Amino acid sequence: MSTTAVKQEGPAAVTSTPSVGSHVRDYWRRVRGGDIGALPAVLGLLVLCTVFSILRPSFLSAGNFANLFTQGAAVTLIAMGLVFVLLLGEIDLSAGFASGVCAAVLANVVTVLGYPWYVAVAAAVLTGMVIGTILGLLVAKIGIPSFVVTLAGFLAFQGVVLLLMEEGRNISVRDSVLVAIANRNLPPLLGWALAAVAVAGYAAVQLLRYRNRAARGLVTDPMAVVLARIGGLAVILGLAVYMLNLERSRNVLISSLKGVPIVVPIIAVLLIIGTFVLHRTSYGRHIYAVGGNKEAARRAGINVDRIRISVFVICSTMAAVGGIVAASRANSVDPNTGGSNVLLYAVGAAVIGGTSLFGGKGRVLDAVLGGAVVAVIDNGMGLMGYSSGVKYVVTGVVLLLAASVDALSRRRAAASGSR
Amino acid sequence: MSTTAVKQEGPAAVTSTPSVGSHVRDYWRRVRGGDIGALPAVLGLLVLCTVFSILRPSFLSAGNFANLFTQGAAVTLIAMGLVFVLLLGEIDLSAGFASGVCAAVLANVVTVLGYPWYVAVAAAVLTGMVIGTILGLLVAKIGIPSFVVTLAGFLAFQGVVLLLMEEGRNISVRDSVLVAIANRNLPPLLGWALAAVAVAGYAAVQLLRYRNRAARGLVTDPMAVVLARIGGLAVILGLAVYMLNLERSRNVLISSLKGVPIVVPIIAVLLIIGTFVLHRTSYGRHIYAVGGNKEAARRAGINVDRIRISVFVICSTMAAVGGIVAASRANSVDPNTGGSNVLLYAVGAAVIGGTSLFGGKGRVLDAVLGGAVVAVIDNGMGLMGYSSGVKYVVTGVVLLLAASVDALSRRRAAASGSR
Amino acid sequence: MSATPLLELRGIDKSFGPVQVLRDVAFAAYPGEVTALVGDNGAGKSTLVKCISGIYPTDAGQFVFDGRPVNIHSPRDAAALGIEVVYQDLALCDNLDIVQNMFLGREKRSGIVLDEPTMEQMAADTLAGLSVRTVKSLRQLVSSLSGGQRQTVAIAKAVLWNSKLVILDEPTAALGVAQTAQVLELVRRLADNGLAVVLISHNMNDVFAVSDRIAALYLGQMVAQVKTTDITHAQVVELITAGRSGGLGLTGEPATNGNGAAPAGSTTGGVS
Amino acid sequence: MSATPLLELRGIDKSFGPVQVLRDVAFAAYPGEVTALVGDNGAGKSTLVKCISGIYPTDAGQFVFDGRPVNIHSPRDAAALGIEVVYQDLALCDNLDIVQNMFLGREKRSGIVLDEPTMEQMAADTLAGLSVRTVKSLRQLVSSLSGGQRQTVAIAKAVLWNSKLVILDEPTAALGVAQTAQVLELVRRLADNGLAVVLISHNMNDVFAVSDRIAALYLGQMVAQVKTTDITHAQVVELITAGRSGGLGLTGEPATNGNGAAPAGSTTGGVS
Amino acid sequence: DESGGDQAGSDVTPKIGVILPDSKSSARWEGADRKFLQAAFEAAGVEYDIQNAQGDKTQFQTIADQMITSGVTALMIVNLDSGTGKAVLDKAKSQGVATIDYDRLTLGGSAEYYVSFDNEAVGKLQGEGLAKCLTDQKAEKPVVAYLNGSPTDNNATLFKNGYDSILKPKFDANEYVKGPDQSVPDWDNAQAATIFEQMLTQTGGKIDGVLAANDGLGNAAISVLKKNKLNGKVPVTGQDATTQGLQNILAGDQCMTVYKAVKQEADAAAELAIALAKGERKETGQTVKDPEGNRDVPAVLLTPQAIYKENVKDVIADGFVTKEEVCTGNFAALCTEAGIS
């Protein structure tokens, strides 16, 4: 394609729909040029999965596939919130322990105080929002660097968890609804229904968009490409639901175990909401703007402080959701909930997925893809049966490998000058 | 002062020396304008010390003053290395465990293999350099974000420490020279001598500079200001040495305890070298350039990759030194050496001191000042006798307070427009 | 003076730390007129613009807008008054595309959803009027634009809105011949539509071609604000480089006190 | 052609992903001459400069420098050949001061220690020759400079060295009247000293005032490279905006194939 | 090392410093030890300062420095590792401060006394308990998985030595089959759940007994077993007799836990510390060999107790946990069943 203008009287925006062929050619040029979106993360994921499946065939079982989702859920949820903070070029080191605090609140309300589960969930989410507001105010209004504020939060929340746990006790979470979140599955039929709804919704959005743009004479992707996308989603979702609806009980006589884990639709809904907010609302647009060039955003009349506060609220709220899932999965909350590697894994997930630590670049989907990479590594390593020392080393090396697939494919972008 | 040019034929650089009065006025304008260099960190430090002294009079004892240095030494040393990495806008999450690996190498060489201390120290430092080279190559040549590379390092080195410790044993370090590093003091007279040398050296540099510039007709600070600076340093060093040379044994019958802790001159020398490298060599200049604007640095013909690799080498080497000091202080190395909060405290120290996470702004002195803040908080909190939950919370809050002194004074800078 | 000014500044002082950049500056912009703000490099033109648009707080001075005294603390305040600015340093978000940048802070929406097609169409129409022919796609990131293309986007962004005062800080610096002509024509058209326009430029031909008034800054002081018809090309250049020309400009000796305090007495001059 | 060119490019192609920006470009710069490179916004001038200085790798084409074919993979290679560039986007380190920026990558040292006094003096001398009168101190950070002051620093940085080829990408865009005159004079002086100078500018008066040759880019194609004396003002403008003028420029119909591949056959034209 | 003047510290008010190791590997330190030690010191009317090193040995040394600075006359430590422990003990001794090793022996150290439960004995009880439960389940050639404590915690190693000494002979004799054996970093329950889930996947669900090093890890394993509807069919061990652990035992999901009567330990240590602080000495009648320092340390050694469903009531009777805490909701009926009144 040339740089020549299409019409002399205006830029090339208002033109006819390009052909499928040129679209595919364009895409291929972009891929060769290194502009490849989610491709590297997906590629890294595929490489990891292949390697683990070869080394440990049980990695490929339906049961393990289902486990993957629940194992990675908490970190992924926290990472999804972190994406918002990272988009501004800020960081939230306290997200891990914030999720711990919220989980501790949940456990206290439901187990110690004996309120019903929805009160506990509301209390936990509210706690997350309050935490986020405090962090955001300190960063935006007093102007302390977010690294320092959230490092202080990291310490303080650790203490708060201990205090809520009465200096170190574990509190069990036995409420059946709460336990179900990370431990139960949807009925197989409901899984299919949800998948169908998702595909239908996606199709509707895509086709409406196509019609809308075409009606105004704006450039659109060729219809065939739009249809291919919809078909692609349908195939992926269909396969996943099929896999998850396979029987995975060790002993069907004792009990049956099949269906989509409940966390999956939770993550999916939050992913859709987050993506919608970031890409289809002016609030999301403003987040990118502030992250890309804070001064330009300020000059454009964006209330930068409000945006900065709000992303911390979102992050801590998502951390609360992550904490609830973690508490559900462990059936209990302990002073380590949200501690040890949770934070680094969550930030790592976002970054591996392609979110930049310098702001302005990233998507919620990155967190999910990166979270999947982290979960696959953890899951696969758990099957290898290494001693702890070796396990740490191999985990580090594997993480590096997954990331270098990404880095090497992006290097082409630099080489072709589109930095 | 006006914007008017001093001479029509050129910028204001080549002018006569301003008067003391105008110099002080200028400084005051800068302070009011928020351009205050190390002042906020020093201020925060003073506030902290005052508060702790009031709450716990023993905070102010000679013994506690001496303890402060050895307590903060390892984190400060690691932070000093991290400053170089942060100056490029990169991060090294693995610095903590890298120091652990180096300490483990040290302990193995000296205790298990039985080599003399200098061989062990050389081995540890070499290990640090190798680690830094690997990290740097991965970041600069393959192009994986440093967060991911060093997160992988964080995991892998944790494993390496475990392996070197044979899965969890700990190794004692009993070599008297190594133990002395963090546990013994200089003879009082030597302390005075070193202080005198430092002051004399500083005076020589300052006066030479003055003469040199004055001879060429370049702007210089007034002589009185130069002399005041030298005098200031002499007073501070004199006071510190005096304090540290006080008897601080709790029971002089059993043993005497006085003198400057050996780590103090070690840190001082590294601080001087680091500052010299950053501010008086072209290598240091290039670090700032790459951190400020990587593309501009590249266009100026700077070998950006080499700079990036080198800062990781420096960082890991300083981590090795930190690890040696930590091993000396603990008389042993265990699988947790360099773990827990070491890394976050080290990065926190650099940031609290005023180093930016976005690159281009920072000094080695920041790490020392920030390290002092962290050490004072830790030290002071240790005197308060809180239960662990409360202690975490209070530590977080105190850290925040120390940082907000800094933030609030810098806000003036923004308000007066000199952002 | 003929009409009442839309914007009037009086006694504006502005320092950066120890450096005083604006000293007792008075300035006025009239509706329906193009006021050219000229001055040497570093005279303080951009600083004055940033004071007007609320990016920098002033140390002293009053703003009168539409007859009422106002305070402008942030670009939001300025935008609320109807002030649009094209900054010399452009201030675009490199990670956003052309359309996104043009509508930044004022996105068109239907419901809570962004109305992308409308914005894209409006952007295309505006850019078409500015002779941009080499932009391949409106969905291109601005980081990939050429210098002139970026400048055009910044201009298009500012003129997209119904504002009362448009300030353009060296808008044609990076533009080609045809584009420059288009922008000057646009400037004239805006003024003819009753807006007040302030144009900063180093190109005297452009200034004389398009402006109704000329205001000259010299080392942070406003040395003259006169009708364009009352002054010659050579006089303006003299004002810019020496601070005075004939009866215009600084009355005392030019300020050359390198390190001292501000000179005594106001030296703002000029008649109109 | 009279002399042998110092730098000669042949058949340069350059794409960014799917967008082809330079197409089979030929270009030459002669020692002792000022070659003006003109073209519309987005024509590809800056991209061509960045290809020459090694910032962008080219997709195809040869470089001949001083008669020898060379490969330029990075700005370091270009500097080693004696090529100095003033970029349109300036590329200064905002966190460094004026002197530090001017000597970046080529600091003066005594032993391993930076020789600050020498650098400060050299910087002062160079800037003095460029009519910068409003810079308060050479130790000011460049982030606090005005647009014109920044540009002057970038120019001073490039002419400080003994180079063979100096390329200036719109060096006078942000400069005042006096400063522009100084820079044009400097450009002429450099050429008279035997250097090859390439000047990119949108200002035709400047181009005709100072250049010996004019090269015109149109939509990524070199449509003419001629002696300044052989062409008129109006012809150059026509070349820039339409790609051809009389016998000069594109031979076929202007390339308007929006989404298609590159047009067949080379269309590089022009005689000298 | 060298001696100075002779103006000895004249004001010797007895003051005791205690450094606890962390608050996360087990709830006992902050939840029980602190409480009981405080009570004992207050009863004796001595000044005291109890702090927690949070698993950070730099902190540990800093706290020790601070305590010596603030004038303690006796120092009681639970070391994080022998190296730092020794550094602290030696420093204290050089300043004339008497020392006690609490719960963990500092190898090569210089403590006056050692008061502890035998950690290897704890591990042995766990091994024996698991064997008992497997026998009760009538498992044949059961596969036993290990969920060890933190790889960086020396105690975890000691526990493992204990249960290995019971189970390894059975593996060797082909009575039991050794399953996956992994450590849980930081005793982190969330990671434990993933690790155990992967063990289950790896063995295709064939795990018949879980040796979990404490109740938290046990609960993590149980949560995974529950998800697979295997809870109660696979015996799981524990330690610390936490409310959660006891409830799991009552529900039949957990086979046993190990109860350490922390109060006895705390009281014994407090008694010795108070004496030392006042400059007195007491006889313990028992010694423990320090292999590294090659000396016999006067010691008080207490015995841990294995808790099964039948004797949960002992823990409650001892006041370690209350009936109200354990017998909430559904557990009330189970409590009655287990004879807790």
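Letters are used for the chains, namely A, B, C, D and E, taken in the order the chains are written, and counting of residues starts over at 1 for each.
We adopt the following convention: a contact is a pair of C-beta atoms (placed from the backbone, for glycine too) under 8 Å apart; a residue touches a chain by one contact, two chains touch by 3 or more.
Here's who's who by UniProt: A, B = Xylose transport system permease protein XylH; C, D = Sugar ABC transporter ATP-binding protein.
Keep in mind that this is a model prediction, so the values were computed, not measured.
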Subunit D to subunit E, fewest steps along touching chains: 2
Chain-contact steps, minimal, separating subunit E from subunit B: 1
Rotational angle, Cα trace of subunit A fitted to subunit B, multiple of 5°: 180
Computed distance of Cα centres, subunit B from subunit A, in Å: 37
Rounded Å distance, subunit B centre to subunit C centre (Cα mean): 46
Distance from subunit E to subunit A - Cα centre to Cα centre, in angstrom: 38
Subunit D: positions in contact with at least two other chains: 16, 19, 42, 132-136, 144, 219
For subunit B, residues that touch 2 or more chains besides their own: 1, 3-5, 12, 162, 167, 387-389, 391-392, 418
Junction residues of subunit E, two or more chains touched: 23, 30, 34, 151
Touching residues on subunit B, where the partner in the complex is subunit D: 1, 3-5, 8-14, 212-213, 216, 218-219, 280-282, 285-286, 288-289, 291-293, 295-303, 360-361, 418
List of subunit C residues in touch with subunit A within their complex: 53, 55, 74-76, 79, 85, 87, 91-96, 100, 104-107, 109, 112-114, 117, 120-121, 123-125, 127-128, 132-139, 144
In the complex with subunit A, residue positions of subunit E that touch it: 23-24, 26-31, 34, 151, 180-183, 185-191, 193-195, 197-199, 201-202, 204-205, 215-216, 219-220, 222-223, 226-230, 242-244, 247, 328-330
Complex contacts: residues of subunit B adjacent to subunit A: 89, 91, 93, 138, 142-145, 147-149, 151-163, 167, 344, 347-348, 351-352, 356-358, 387-397, 399-400, 403-404, 406-408, 410-411, 414
Interface residues, subunit D side, partner subunit C - complex: 16, 19, 39-43, 46-47, 88-89, 132-136, 144-149, 152, 170, 173-180, 202, 204, 219, 237, 240-241
